[in-house]
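In the two complexes below, subunit A is the common chain; its partner is subunit B in one and subunit C in the other.
And now, the complex of A and B:
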């Protein structure tokens, strides 16, 4: 910060500490940028599945970078090797840095061993978006699913991640669930680690 | 907030086309063709009033008072007009229109599936608008 203490001059730009930067970004600015990104991708594709895939790919790039940054900045370069720890990391740290607060809940799937779910009442990216009826089950939360996939895959936990709307009775707006399905090798490794 | 009931709400785009119409109660109800006609009529009157004004720098009609109703109009900087037909003597409708303008910028303009100048079909806009009007009603009845 300007004027506080004596600014240390670094010979090499790589030695400068990574600043925390501004913690907050205008929500409106992000909402408009995200809206433009969705609109741009819509012009490039023919169908909804393709649009979802593109949003997910965009999120994947974000996830990969966020993992690197947060490992360095928040956790002192510690690498998670256990499943529950990496999920906890995503559910609290990653969500807090990206969306300002932790995710609402993290659950283990009851039907399958390899499924976990992160739920939110309403994803930040979806706050101003109303999906038209003719787009069916499309969810712009695919972007967030991509972010989660990016973090998991680059941390060594390959998974298939999707975003779904889950209607809740008594409420007009459905909840959003990010469904994470881990690859076989992850579960085997977990079992080996005990 | 507003202390009297509003009968109907219209939103018209820069070219005078109706993009949103909602009526509250049977007093304000008009059928589709009538509402379209009313919207373009109001758009023209608003434009004409800017020319007719004896003092320079007139921004158009803000309020039209008749025997049975008041019509409050709010024009944004881009030419989108929000107007509400309400009871005579309704208070704070301008504030209500500004709140609706804010809802428009949030839930319509930030929606990637909304095409500019087209009719508004955004679920979140409808939901939040209903909540704002409802809160208004409750405040009115509570007095």
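And now, the complex of A and C:
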């Protein structure tokens, strides 16, 4: 790779172009970084809920930035204001940029009006992680849940987002589902917009 | 061509993140305060209209150069995104980078 084409060196990050650049990041580098992040947070907290919250906060920061960047790159600075559109945006565009492909499915919850679910057979961040039995229901997908929450909140749709394992018969590893529960005001606004 | 202009970036909570005088007239002390006061008053009106965004760019101007203003905003928006992408930047805090300041003023001279 060295000497293939001398990339222009920019003195300051503000001068660098915002365009795509090289799309791929090494998976092992990411897995390593993510595992270090989880381990570091494990030393800082006493219980699982706190650990999940910290991962989610890390994801939130990523989500906020991803939203700004994608709106600028892909949509020419137009942002979605309808609920279904923003969910579609997350489920296809955001997932494709972050994980290389669209999410497996997007569903509307049946029990409550304000719940939606994005499911994935094997979440990229969970691929190299195994949860020991004594950690119970802990899910590193909390990081991805944080990303989704970051995108939604900064787009004006406050929501509570969590990640859950859903066991499927016939498969060894359970499916991961991101559950999105929108705040009251979002639904009211949607009803007003018709 | 004398033109006065004052540019402000305001965050979601109404706190200004960045301000700059970009006019080409010599600036007097009280004039600068007056500009900021006008911009704050305009903020209420704008906030009623724009509820989806989380940052607002505002420019006080007395010229009629619509296209120039639009391209100025687009370029500053790009600069803002680059600042925002910094993982160590807390969204909503003041932008203190002198490089950013220099670039905004250069863009203002170019477009306005």
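As a working rule, the second predicted complex is superposed on the first by the 177 of 194 C-alpha atoms of A that agree within 3 Å, B and C clash if a C-alpha of one lies under 4 Å from a C-alpha of the other, contacts with A are read in each partner's own complex, and residues count from 1 in each chain.
The working rule: a residue touches a chain if its C-beta (ideal position, glycine included) is under 8 Å from a C-beta of that chain, and two chains touch if they have at least 3 such contacts.
As the structure is a prediction and not an experimental result, all values here were calculated from the model.
In the superposition on chain A, A:191 makes contact with neither subunit B nor subunit C. When the two structures are aligned on the shared chain, A:155 is found in touch with subunit C, with no touch to subunit B. By the touch criterion defined above, A:79 reaches subunit C but does not reach subunit B. Contacts of A:129 after superposition on the shared chain: subunit B is touched, whereas subunit C is not. Once the two complexes are overlaid on the shared chain, A:29 sits clear of subunit B and of subunit C alike. Judged by the touch definition given at the top, the superposed model places A:69 against subunit C, while subunit B stays out of reach.
Of the two partner chains, subunit C is the only one that A:12 touches; subunit B does not reach it.
Once chain A of one complex is fitted onto chain A of the other, the partner contacts of A:172 are limited to subunit B, with no touch recorded for subunit C. Of the two partner chains placed by the overlay, only subunit C lies in contact with A:61; subunit B stays clear of it. Across the complex, subunit A is touched by residues 106-107, 109-113, 121-125, 127 of subunit B. Put simply, subunit C touches subunit A in their complex at residues 51-54, 74, 77-79, 81-87, 91, 97, 99-100, 103. Of all residues in subunit A, those touching subunit B in their complex are 28, 31-32, 34-36, 38-39, 42, 128-132, 135, 140, 172-173. Those residues of subunit A lying in contact with subunit C across their complex are 12-14, 16, 18, 61, 64-65, 68-69, 72, 77, 79, 81, 154-156.
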